[in-house]
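What follows is a structure written as structure tokens; I'll ask about it next.
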């Protein structure tokens, strides 16, 4: 397996700004490995809410994260400003795999790449479910 | 004691934007009471870094929080955009008391008011210390 | 106003263990002021669930935090083990005020004192509500 | 690639208890995907501190996380009690790859599997560094 590499901005279809917080830094003065995943959730759910009509707490069919990963290439620190690029890696009938590129505000190359898979579930029954139509339409705009 | 009340924007000397995150919401769909304090840290330390020359991890004299409090007037939720207003309540020789107003981006009245006190300490000795001159100069710009 | 002081264990009616986490420490190597409030939520809600029958996400009447505060007397750090003591300061018909003492596992005196007030609300209507009977019965066991 | 599967306890060399917190749950009432990584940090760094003599903030050579991942098999929720099993997947001269199994306290099968790689770095120079001898000795006790 080749070693993961930084990506350029043209790999991603849509960007959101992400402001770091004081608590993102750990004792070493860099954003801790954990908080990147909180950033991913923030950008992806914002897309799903604003573009896909997702209503957390009201929707019957929701996406649960079944796998996630991140490769870290270079540290960032509060109070850096970041931009998160979104890309859909794979769009199935009941699941979607995201890739998120983390870019310092003035950088051409990403400092981290995240990936995670949402599997959609019907909350009342707990069963696997088709991606709702409005969310699917939004996801298709992010396909390569 | 009279009941705490929302404040208007003119009470605060300087504002910073604060973007909510997915993880700010708790099971009730509102920003959890805890995360307000993370927001306060983010705005106040940004001020200290950008305006007061604070260098976390390098400075010998640092401000430790010895007391904090918050009154919550109305809920906010991710993905709301907020603005945090800063005000100095009391500036001593070795401590400073902050007040932070939390405003939804389009609101004239605050939805929460936070307060906390930084006591400055010389890290090597652990002893109480004077506020460094550059930080003091910055703090004075926020006095009413 | 007299300066807040550490308290002894006999002030509190019930104790829960609280294990610190790596992310509790900030860049100064101490538990950050924010995470104490996450500890308070953890101990108080555990009491409400285990002793008061609270079912988060199902209950129609829930307690929202309308005010919180903390005095910090001495730092603690991951991987310290803590114990949180609970005490009811005031029990009204529609609200309850908690005091939480934070104790290092082997200490007689608290290293921090937290306080917060839960106001009970009927979620569907958003209106103020009486504390549910089962929760009230549990709260009464913590009164001084 | 075969689909990731739960593992049994005998796969792991050492276990630590992990108490969930109120803030671990997200709006869906389950521990959010992000907090698993905070749990991993907590268990692994506890091992490095208690068994490997790591002194965060003092050590010159430290382990930075360069990659992390998690597969989620079944949800858990606060106030569940968990146990985290540690295993070393690969021990190089300058890096170590961890596997962490997350087990509900009474379960034989894991509900999540995490993995991450620590690359050791000399902080003053920022250069890649050998794993310190005392940490290496501790890591070897976790090898399969």
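We call the chains A, B, C and D, going by the order they appear; numbering starts again at 1 in every chain.
The rule is short, and it goes like this: contacts are C-beta pairs under 8 Å (C-beta built on N, C-alpha and C of every residue); 3 or more make two chains touch, one makes a residue touch a chain.
Predicted model only: the values in this text are computed from it and were never measured.
Novice: Looking only at C-beta pairs in contact, point me to the busier pair out of A-C and C-D.
Specialist: Between the two chain pairs, C-D has more contacting C-beta pairs.
Novice: Validating interface symmetry: for the copies chain A and chain D, is the fraction of residue numbers used by both over half? Same or different.
Specialist: Homomeric contact, same residues on both sides for the most part.
Novice: Specify the chain most distant from chain C by Cα centroid.
Specialist: The chain lying farthest from chain C is A.
Novice: Taking the mean of the CA coordinates per chain, how far is chain A from chain D in Å?
Specialist: Centre separation, chain A to chain D: 22 Å.
Novice: CA centre of chain A versus CA centre of chain C: separation in Å?
Specialist: From the centre of chain A to the centre of chain C is 33 Å.
Novice: Taking the mean of the C-alpha atoms as each chain's centre, how many Å separate chain C from chain D?
Specialist: Here chain C and chain D have centroids separated by 29 Å.
Novice: Would you give the residues of chain A that are in contact with at least 2 other chains, written as numbers and ranges?
Specialist: 22-23, 25, 27, 29, 32, 34, 38, 41, 56-57
Novice: Report the residues of chain B in contact with chain D in the complex, numbered from low to high.
Specialist: Chain B residues touching chain D: 22-23, 25-27, 29, 32, 34.
Novice: Using the touch definition up top, name the residues of chain B that touch chain C in the complex.
Specialist: Listed in rising order, the residues of chain B that touch chain C are 4, 27-28, 30, 32-35, 37-38, 41, 56-57, 62, 64-72, 75, 116, 123.
Novice: Taking the complex as given, what residues does chain A use to touch chain B?
Specialist: 17-19, 21-23, 25, 29, 38-39, 41-42, 45-46, 49-50, 56-57, 78-79
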